[in-house]
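Below are structures written as structure tokens.
Shared between the two complexes below is subunit A, which has subunit B as its partner in the first and subunit C in the second.
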Partner chain A sequence: MVAIRVEDVWKSYGDDAVLEGVTFEVPDGEFAVLLGPSGCGKTTLLRCIAGLEKVRSGRIYIGGELANDLPPVERDIAMVFQGFSLFPTMDVLENIAFPLRIRGAARQAADERVREIAKTLSIEHLLEKLPKELSGGEQQRVAIGRAIARQPKAFLMDEPLSNLDAPLRAQLRSELKRIQRDLGVTTLYVTHDQAEALALADKIGVLNRGTLLQYGPPQDLFQAPSSAFVARFLGDPQANILNVSLRSGGQPPAYAIVGDGFTLSIPEALGRAVERHAGRGLQVSIRPEEIALSAAPPQGDSVQATVALDEPLTLYRLVTVRPGGGPAGIKVLVAKDARVEAGQGVWLRFDSSKLHFFDRETGRLVV
Partner chain B sequence: MAKFWYLFFVPLFALLSVVEFYPIAESVYLSLVGTGGGLQPSNYVAMVNDSAFWNSVNISLLYSMTSTFIAVGLGLGLAFLLTENLRGRGVLEAFYVVPLAVAPIVVGTLWSPPEMWDDIQTFLHFILGQPYFNELSPAFFFPVMAYSEAWEWGPLIMLVALSVISSTPRAVYESAELYGASGLRKFRRVTLPIVMRSPVMRFVIVLRFMDAMRAFEIPQTWASWVSSTTAVGSPVDTLSLFLYKLMFIPTYNFPIGLISAVAVSLFLVSLAAAALMLGLVRTIGGR
Partner chain C sequence: MGEGDGDAPGPAPGRRRRVSSRRALLYVVAVLAVLNSFWPLVVMALAGYGIDLAPLFSGKAVSYVAGVPFYSGGIFPSPYYYLFSIFVLGFPRMMLNSFVIASISIAIAMGVGVPVGYILARVDIRGRTLVAYLLLALRAASPFIVIVPLFVTYSSIGLYDTYPGVALAEEMLVLAVVVWMLKGFFEDIPREVYDAATVFCKSEWQVFTRVAMRLVLPGVVVTALFAFVLVWNEFLISETLTGAATKTVAVGVWSGIGETTGVVKSFGWDDLNAAGTLAFVPAVAVMLAIRRYLARGFSLGQAR
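And now, the complex of A and B:
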């Protein structure tokens, strides 16, 4: 059990750069999740760490040892793939025993170990079956069992749950986390599902177009996104990203942001900080759960809007409002029993400390 | 109109009776016309008592088994070489597939004494000072015959193996590598079982065996080089060549009854093989 360190890794297929200088570290025993849309390079990065692909430049350390030129087997790593990866001609027992037997473990010792592993995964009753006789969820359990039997320095998981249906996915997700905690194995997990990432991760990295945008504990990414992309990618429902401009005037200067159909005054300190970038166009992100909606005008500064759409979710309702009757839609989470209906006039209150400002061109955090 | 549906089948059956049913029935009839007149099994009795017939049964079986075995070995070996990431894989593949396109009579000629062995003899004798070996002895030319058959069809086995290999997800082979088996070990423990247990591979092996049972051209080339093989009962007499000799060598006096008996027996064996292959096809199609 060791740390995995990736330093300035570049990878390209032909002229297409897939990874552009990715650097991060998974500390010993931690569960890290790489999150990104399809085609962002996350699977490629995982395959580079496993040794199934060669990097163009950069260094990959597994347990402090430079692994760039090691073949997969010498990297001492186990990988669970997204799709089918079991040996189709071997039964479940032989599949899980494979990493043990290939290193010369005696049949009896291997069988005992397999039974132990099968017990923790609740697949003891499947040991004599062939992979094609198993359901998708059972196949992934066997693949995980085989990875455990390998007794690797680290686990790599490439969207192992994405081919399963929703209830099974949630169940296996909890089991994965429990297994990782029990074994204390350093794990790097790749997914495009932010809920999965939040549920599993000690650290999350958000990857887009081959660049690691931000890497850190989930709460950090959630509360302090470094870019509009991260703000939009994490959290369900998605954060509102609004195009705004800064307005200032008076003595001492009063600052306000002006968006499509609304004006919102902000504290002077924040306004000064934003002002340095004001000429370049701004975006502001605000989470639907951080906006207060009321049917009557509240105390203090607020934005008037009209309800356009009301979507009941499991625990809340997601309401889309149009400030000042303009075309821009802002999504707000309200309590299940709130009395809101389409066409109604409402007032929104924003907590300016929850606003994040981004450069409209680069998407990078301004304040 | 609906009750005259069977009329639509009339042209089909008319055609089939002329080109298929009639020749088969005629062969069966001829095989049953005895020397003493009337229908009797005398030709079949003569067939099973004919040592030249049994010789050719043995030759055909030995020829088919050896050549199929070598072809499978060759094909799997080539498939292994091509799945390892070698440079110039495409060129190698094209090179290996060429024998498939060569007519069997050309293959027979390619591997015959004047095309190949005479030159090798010359080289061995005059350059290396070795004594001549007897290229016309059955112990030498029979394996060469079987090998040239395998040389022609090994690439087919290779193509089938490659297609089975590539129809299995790549992650299966990558898992083998991650978990400790690479190169030859991966091929033996993971790839080979996948290939050999695939119904397509089994079908092609049966097909190849049956096809080798009908081999004619390659044995015929050798029959024309080795003078001791002109009579029936020689070590090149596959069943097809045996039939051919009975028909075209005047000294046998054209024993049409015996020829038909052999033909009908071969036909029945082919039907049995076809049934076996049909079973495999159904497995491939998922029943």
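And now, the complex of A and C:
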């Protein structure tokens, strides 16, 4: 069963297109995350699904039912917002009980249910407080509790954690995932934080400028990005995106990519595939963790470079090197105890199967 | 000429003196500004006790009010005029009239204004901005434009000198203010609170009654009492549309109190001032009563 299905949805404010033909579906019980930079249309898309805004064209199905013309209440969804959305004059208990009471639940039954929900969210001690007496994290817990009380077909969450500070964000993130798993409620979650998306999602959709660039399981997007944008947006530290051109010659032809200060030979099959696009500009992406760095010349093909910068991270060190002493910087992840210092000459080895080629103009995947 | 003028090792004392003289000037200006606002009230309240301040300034016991000689008798403090206003000139009756008229008109204005303010603030209907500005235009028009047609028609349909008639006319006058104030309060509710209400409520009506109304309640109280004071003090419509039965205090004060007064009596400034003070008291009392709500009401937006 499909809980949420979005078909070719377009939306514009005046002449500005905000959503341009977005299509995807969230199977029942799954946790899907829409990821994208601010202004990419992800929140608008969520609001369209909630019924808070109307689409220009396209279809939105919730629980198999066409929802385009349904008012928010009949869509049977619950929403958690980024900012302050609790009812300020009601205490925590009344806030969580609100969806129950408004549907005519008796006070006692509602109170009991609220206490259960409060327990799973560890906010039982706050029930008598007013929203303004709560911290940001507590407020969001209450907002989540209110959404749970609604017992909806789907949760819609609009950056619910982005107003919180980092440690709290990580903690609530785990809790959110646990709660979603326990309840098994279909969830669509919007964020600009790729780490949050990777941690939570069964499926990630990356949005940019109103277009859904890629939608699928996190590992698929991570290992096989369909565009340079996706490759750059997912993963921390960011993938290296390098401008290169293809060089071929010889009999049988030997292929190599030529970048700023380096030349790297690639297998013939890959070379042939790339060759069809060689006329246009190419970009290649390679993740910092997929480059091998050594202090001595290794066996086989390698690129010589100079260390420009060394940044120790918690688990690794992020080293910026300049191939051939040129200006282009490539980031490489090395072990914490590796002996690297600025100015040192090093050798890089690339696994050509981890390279992704993109059209420099459109950003689309070539190979 | 200070002795340390030339080789001043410490310019501090000089600067300090300048600061304090500037501060003194500030106090003088402040006192003048306060007097400027409250002078009429002071004169009025004192004159009601028969205390005429004019001789203090002119040195004569006879003052000229608009060219007519007026002998106040100097300074003879006495509550006589207040008691006279209350017990002889029918002042309590006029207070009651004002109260009833203001109450009816505020009830109608709020009954219409709360839903209209909500709709203008929130519901996206074609032409809502036009409606909002038409209301404002109505308010901008001179009251005379409204009064003449009302005066002409009220007599023939039996509304002249009746509570409902006057109240209805007053309501027209304050409705624009009421709607615009309430619209502001409704707009101050954060968008995400509205969104949450929309998602969780079963209808827009519930969003209005279960969420929005509770949030703007202080604003509703402030608006009602503010409008009450406006109607209480309103003169032109009351003067035109009230007769002996419904005369309000604002009119009564001006006409020299009551129908019994003749030409000479109409210059009974002491009565008039005593009455004015009495009429002023309820308005001030209301404003004082809502001053906590005023602050709360006007800061709804920040009431997180």
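We take it that the second predicted complex is superposed on the first by the 365 of 367 C-alpha atoms of A that agree within 3 Å, B and C clash if a C-alpha of one lies under 4 Å from a C-alpha of the other, contacts with A are read in each partner's own complex, and residues count from 1 in each chain.
Just so it is clear, contacts are C-beta pairs under 8 Å (C-beta built on N, C-alpha and C of every residue); 3 or more make two chains touch, one makes a residue touch a chain.
It should be emphasised that the depicted structure is a prediction, and the values quoted were computed from it without experimental measurement.
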item: Combined model on subunit A where subunit B meets subunit C, clash or fit; value: clash
item: First, second, both or neither for A:Arg150, with subunit B first and subunit C second; value: both
item: Partner chain(s) touched by A:Pro72 [first = subunit B, second = subunit C, both, neither]; value: both
item: First (subunit B), second (subunit C), both or neither touched by A:Pro88; value: both
item: Which of subunit B and subunit C A:Lys132 touches, first, second, both or neither; value: second
item: First (subunit B), second (subunit C), both or neither touched by A:Lys203; value: neither
item: Touched partner set for A:Arg5, first subunit B, second subunit C, both or neither; value: neither
item: Residues of subunit A that lie at the interface with subunit B and also at the interface with subunit C; value: 50-52, 72-73, 77-79, 81-90, 98-99, 102-103, 143, 146, 150
item: Contacting residues of subunit A [partner subunit C, same complex]; value: 47, 50-52, 72-73, 77-79, 81-90, 98-99, 102-103, 131-132, 143, 146, 150
item: Complex contact set, residues of subunit B against subunit A; value: 168-169, 171-172, 174-182, 185, 189-190, 193-194, 197
item: Interface residues, subunit C side, partner subunit A - complex; value: 190, 192-193, 195-203, 206, 210-211, 214-215, 303-304
item: List of subunit A residues in touch with subunit B within their complex; value: 50-52, 71-73, 77-79, 81-90, 98-99, 102-103, 143, 146, 150
